[in-house]
Amino acid sequence: MSVNEVQQNKEVEQNWEPKILVFACTWCTYAGADLTGLSRLQYPPNIRILKVPCSGRVNPQFVIKAFQKGVDGVLVAGCHPGDCHYTSGNYFTRRRFLLMRRLMEYIGMEPQRFQNRWISAAEAPKFQQVITEMTEEIRTLGPNRKLRDDQW
Amino acid sequence: MVDLTLEIRKTAKELLEKGEAKVVLGWEKGNFPYSTTPVFIDKPEDTERLIWDEYCINNLALYMLDYKHLDGKVGIFVKGCDSRGINRLVQDKQLDREKVILIGLSCPGMKDEKKAKELGPNADIPMAQKCQDCRYPDPVVYDVFLGEKQNKKVPEKIDTSDVEEMETKSPDEKYRFFTTNYEKCLRCYACRNVCPACNCKECIFDQTATGWLAKANNVSNNMFFALTRAMHVGGRCIECGECERVCSVNIPIMLLNKKIIKDINFLFGDYDAGLETEERLPLGGYDYTDPEEFM
Amino acid sequence: MLVVLKAKLKDILNTLAEEYKVLVPAKIEDTSKFISYKDNVDIILDENVKLSPKDVFFPQTEKMYKMKTVKTSMELENITDEAGKKLLFGVRSCDMKSLDCFDQVFLTKGYIDEFYKNKRDSVVTIALSCSQPMQTCFCSAMGVDSQKAVGADVQAYDLGDKIGLEAISDEGSKVIELIKGQLTEEGAEVPQPGEFYLKVDADGVSEKLNGMFESPIWDDVSKKCLNCGACTYVCPTCHCFDISQEVRGENVTKYRCWDSCMFGEYTQMAGGHNPRPTKKERVRNRFMHKLNYFPDRYNMLLCTGCGRCINVCPVNLDITSVIKQIKEAE
Amino acid sequence: MCENCSCGNDHNHDHDHDQNVLIPQRGKIINIVEETSDTKTFSISTIDDKKPFDPQPGQLGMLSLGNVGEAIFSVTNKGENHIEMAIKAVGELTNALHEVEVGQEVGIRGAYGNGFPLDFCKGKDLLFIGGGIGLAPVRSLIMHCIRNRDDYGKLTVIYGARSKADLCFKEDLFENWPKVPNMDVFVTIDREEEGWDGHVGFVPSYVEELALKPQVTVVCGPPIMIKFTLPGLQKMGYADTDIITTLEMRMKCGVGKCGRCNIGSKYVCLDGPVFTLAEMKDLPQEY
Amino acid sequence: MKRVGVFICHCGTNIGGVVDCPKVAEIAKDYPGVVYSVDNKYMCSEPGQELIKKAIKEQNLDRVVVASCSPRMHEPTFRRCVENAGMNAYFMEMANIREHCSWVHASEKDKATEKACDLVKMAVAKAIMNKPLQKATIPVTDRALVIGGGIAGIQAALDLANAGHVVDIVEKEPSIGGKMAQIDKTFPTLDCSACILTPKMVDASSHPNINLITYSEVEKVEGFVGNFDVTIRKKARSVDMSVCTGCGVCMSKCPSKVDSEFEMLLSKRKAIYTPFPQAIPNKPVIDRDNCTYFKTGKCGICQKVCTLGAIDYTQEDEFVVTRYGAIVISTGFEQFDHSVYGEYGYGKYPDVITGMHFERLINASGPTMGKIKRPSDGKVPKNVVFIKCVGSRDVAKGKSYCSKTCCMYTAKHATLVTEKIEDSNVYIFYMDVRTGGKGYEEFYNRTREKYDAQYIRGRVSKVFKQGDKLIVRGEDTLLSQAVEIEADMVVLATAMVPQADASKLAQKIGIGYDKDHFFTEAHPKLAPVETHTQGVYLAGACQGPKDIPESVAQASAAAAKACGLLSKSEMLTEPIISVVNESICVGCGLCVPICPYKAIDLKTISERDHGKTIERLVADVNGGLCQGCGACTVACRSGALDLKHFTDQQILAEVNALCL
């Protein structure tokens, strides 16, 4: 049995639903999510958006912390390179998370659980698609146990 | 090495006698044939305590943090790894290069103290892991150089075969490997405290009120510690291997650090930290042409 | 003396495991410690474990009680230890001595630490004598008899290819009773301890320290210290702890966990004042505590000569050298 | 030696060995008095309106807020069914405490520490010197003396704070205590201030100025105040054994186990917090 | 404990039709800190806002959470609302349960309700951690700096000056005027460039609100919007401006002749010179690199002939620091270095010239007095070949972008050649012809039809010499056949590139620049003249290739923006900025290069440390420059840097709340 399967059975019975945290920058992705709403594009209700001014504000430590506390997936999303409201924040995001993503994968976290996307304020269909796909991927993987601090 | 020991003593003595340095950092013999311990000499007559042998493994660079506010200069003996540690501190603005006198020594590779303890000092003691991986046995910066440089042919790139091997494993295998190792972690913070790149005034792991890391020892918190520290020294790790050497429960810490070094080399171009002090750190900058994986 | 072949040790442990939760010294992931006995564990008998058995009695992180906090209300809920007796096999004299120190701390001076007491009361110990000290051992200098442990329920002797067993307490007799059928009576002698590599003379060190709080040796001793907690965490006698809580919304778990006097934050007060602000004060406190304060308070040294701190110290700050320095100080 | 049990402690205590000393009782805050802008006095009783424990003057209590943490404070007074603690907002827990309202449930355990030497003080004239929040531990003794007025000689209080607004226990200082027979209260603030017609100046110099000479003095306040008061007191002829003060260290368990509050071989939580100057002179200067 | 009030908005049926709002309000009552929770049809309506205000007062609330539409919609509304009730605006948090919930989960009502609860819970957790923030007022200095005195700079300065603001123009050349002064005629009207530029130059020089600081460069820029402290290096002119009358005797007597930059090296100037006769200020400078006196110490003729004693060889560079409220950057462009196109023979053959050379050749006051003559032998060329897109639209060798003006000026050149030289033939090699602009297409058509310019679609592969002819070999891609033209002269339409030191200037000011070193506007559509640094605006070709009318229009736009800023004596700043915890900061400086606004510096502080006074470095955030992106906070390992309103603890509180 895989690390995740060990304690899964119980949760599956209790109608487990993936819980995905989305860090979205105010200017692009958050606005893109707003547009998704305005356009009434439907996607699974499994994400919770946490608004940050810029994807450059997202500390990789937040991601580990979120997994520790019990989310099943984390998406960090911001403006496309070149579109950053603050000129360069997303270039730093890119560097940091290129490393972080590899590191997480390296210690055994499934890559689907931690994703990064550029989603502009105009890309409502992309937002819809990314969320839908990610939710499904994580549903397939099941509840996350890795890094989770559940001994309390 | 005996000759060099004499030269080391002479050099230290001169620095102290002439008043060029207020204190000289080196190594002295420990209680066992296979142990040495850092020593801080401030009197010319004490320079006899200094030695240079195949167990002078400690990276002395980080001690410079204790002398930040000393009026006067510090003399310090540096091997390759120590010198990169010095550069680390200079680049991090924790050390004024003018305030140290670096006495360079070419390192033949130090022996593994832990193995010596197990095998006994008379056995054939292998070279310490950190020295086997070393690519800069000669100091990269110094003011005085003692002995002869080896100009040893070293591999151009860091050996990451162990990292690559780990990468091939399945997610669950990898996770099990790291968690069984970090389950042992005592969080004694020896790895952090010995690291020249860990030179913060107050480490976030000590700031209990902020909620980053609870004191409770469990594998989840320990992994948070491990991953966060790896990210914090990412692009700054000078590969001295001290963290792994000092781990009281033998966690292969360099497997994380080397992973990040490998990725930085691959993603952002080859970079060896601690070779010079002016260049932008890999995580202190960016390039428009960085690989695009975010889609 | 009742003896058993080392090769048959597992048979005995299997028998005992029916009655007790048996813990044995074993290699695990590049280190060694006491772990639950299973058939496939890699028991080590030729040297002491790297991590002391103190966590059996005083876990690194120990849940104390729970609270449920809803708005202004706060309900308390106790946590009960797992039931059942434990049997700790193969504890060395130094580590048995450390339990003596722990008993003093946790069970005397007006207050009994129930968390410790519950665990302590549920453990039966089989001590094991040392045939050959490790290089870093100096227990004899700390007044510990490596062949005869204090406070053990059963004393075991390393007799080469055999192990000799001797019941010490009533609880120990019960243990022997359980395995009697697997033991044979032989006329074995209590073995002589081997030679110690480290020569340490600690006589009078406690008294000497009385006037040495302001001694310049502390500057000297502390310089190389990195203020990590390695020595304190591997030390079988270090018992400092912190109390904290894990908050999960309304549910709060109060726990205690090992702390180290080497950490700056250890004595940091809320207003900002720190009575032991630099490594000099911290290192001094550690050695004074081990060699002077504790003897003053409990009439015994807080060091059992297990040598673990010497083994793990990143900078080879060696307590035996410190003792020597103290004795040589003017 | 403790008479309640065979624990070997050198003073009596009233804990029940069946109860786990590290687990608090469920208590609640029944009253909050705002002393100054950063200090409040909290009255605490158990959930069933009893006194959580019966502290001797000078003893300590461990107070906790469920989701924030636990810290030790000196008990400033006790009532029929409650104890009082004056708490200054300096850290995470104390700041959180300053936000709670009456009715908030808390964890409370104690009493810890030695307390003031009542027998020694009995029948003597007492001088209490306090600065700022430092009056808190002394107040428990003052209140004890007032409750048992006949057991003690003349009571004198010298108290100072930075400004009028920083004075704690104003009602006691200006209303209650001056009415107590054979009791004098002297209050000073550091700097001149509008609306203040009392004494102006630092506590140490006020003590020398007044040149009072009761038999025993209890001094509590910021370290700097104590440091400058002691020479004056010694000049006035107090013996080291007649000068009593309290010490503070970081504490976690309160019962001499967790290790961090030691000064030399003494644990402040157990052997303190009350020390005479004579006792302090035997301790290493590390507090 | 905090007292949080939660207000759930139905937004009619927009939210209420999917999310069970009363249920959310009921559940929210149990969240830590919540003392009041209610739902309402329209929270943003007048009665809705009254409800909030009333609850704040009656329930003694110190935090408010509004769950409704996107904060991008109504955050200002509700901030004002709570502020009116006496609460700090930043104590209000919003949960987006419309765009992010009801509208996207229309068919999953239960799950949408559950999600709305979570979003409210996160907002409550964050609100509890919120700190009161105040907008700060900073003074605004009523003085503008225009960097670059070309047409864009002049226009911006005039607009600002006419609006009553004092303006300084910094120009690195001895005269203002820029590239437009070099140009002969302007398309599509073919009026004389100098005739329309010089009056503007005179206006600028004589305007009481405008100060010209020529032969000067920006050395350093410190401060922030409203308060830029700019250090200007006034290069040593060797001529005392206050004395010189510009009589020109010194220039006529000067024995050193130097190739004139203004004339594209086609004629000579003196070592003491003005770039062109109509220069403003019309006072010379000494080119020290080429002056005999400065080279050998001998000569000194100019000093001798100047009766006013204006020549001063001892002058040194002077540095002046002035405070400005706003900065307009109009540094213009340079010509692309087309030497990478060796195949075109530039440099090898004197008769291969650039468009700018051509401008000087046909200019009546140029080196040939307006006669088109080949540089090599002075012959009048009959066959002239123009090659377009030299450097533009060429990813391999040049720039990826279109320089936008070349199509038009080449058409203009073609017309002029045909007009001025009888029986001449014009051939134009092109990739595309782009003539967006009023009257441009008509002009192009005229060039082709009336002036018979032959447009050949294709690239030139080689230009080589045969006799005194230049053979231009290329391919006509429309006919798919090789072409060879015997030309007398070849004119290259080179790309526009920013000034060579543009990136350095950008770094000094702290603005962004793109891969080609054009300055980056704050938003390509909605803020095309602003930069990311508040108070710094862009005009002209420094932001991207532009022709004259576009440059002028952008200059006026930039001036209008600057006027808006300067018209107030003080301004409010956003309080969401980074802060440094100095007690933790170790002064490593890793945050410094990360800030795109150059808002972080290291400063030295002194403090007591174990009885000793020590000095150490710590990071220092300039609140006027910081825009609150938070990128620096992640770079700070010890967490000494934090972003107000989005602190580590606030974000962690949200994460925790979600996971409970």
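All chains are identified by letter, namely A, B, C, D and E, in their written order; residue positions are counted from 1 within each chain.
The working rule: contacts are C-beta pairs under 8 Å (C-beta built on N, C-alpha and C of every residue); 3 or more make two chains touch, one makes a residue touch a chain.
Owing to the predicted nature of the structure, the values given are computational and were not obtained by experimental measurement.
For the pair subunit B and subunit E, chains touching both partners: A, C.
Among the remaining chains, those touching subunit C as well as subunit E are A, B, D.
Using the average of C-alpha coordinates as each chain's centre, D ends up farthest from subunit B.
The greater number of contacting C-beta pairs, out of the two interfaces D-E and A-B, is seen for A-B. Subunit A and subunit C have Cα centroids lying 45 Å from one another. As a whole-number value, the distance joining the C-alpha centres of subunit C and subunit D reads 38 Å. Mean C-alpha position of subunit B lies 49 Å from that of subunit D. Multi-chain contact residues of subunit A, defined as those touching 2 or more other chains: 60, 65, 88, 92, 96. Subunit E has residues 1, 32, 594, 635, 648, 652, 656 in contact with two or more other chains. Each of the following residues of subunit C touches two or more other chains: 72, 242, 244, 246, 248, 259. Of all possible chain pairs, the ones that touch are A-B, A-C, A-E, B-C, B-E, C-D, C-E, D-E. Note for the complex: subunit B touches subunit C at residues 30-32, 35-40, 58, 62-63, 66, 117, 180-181, 183-184, 186-190, 192-194, 206, 208, 214-218, 242, 245-246, 248-251.
Residue ranges of subunit C in contact with subunit A, taken from their complex: 63, 246, 248, 251, 253. Those residues of subunit B whose C-beta lies close enough to touch subunit E in the complex are 68-69, 92-94, 199-204, 207, 210-212, 232, 280-281, 283-285, 288.
Subunit D makes touch with subunit E in their complex at residues 67, 96, 99-101, 104. Against subunit A, the residues of subunit B that register as touching in their complex are 163, 166-167, 171-179, 212, 218, 220-221, 223-224, 227-228, 230-231, 234, 256, 259-260, 263-264, 267-268, 282-283, 285-288, 290-295.
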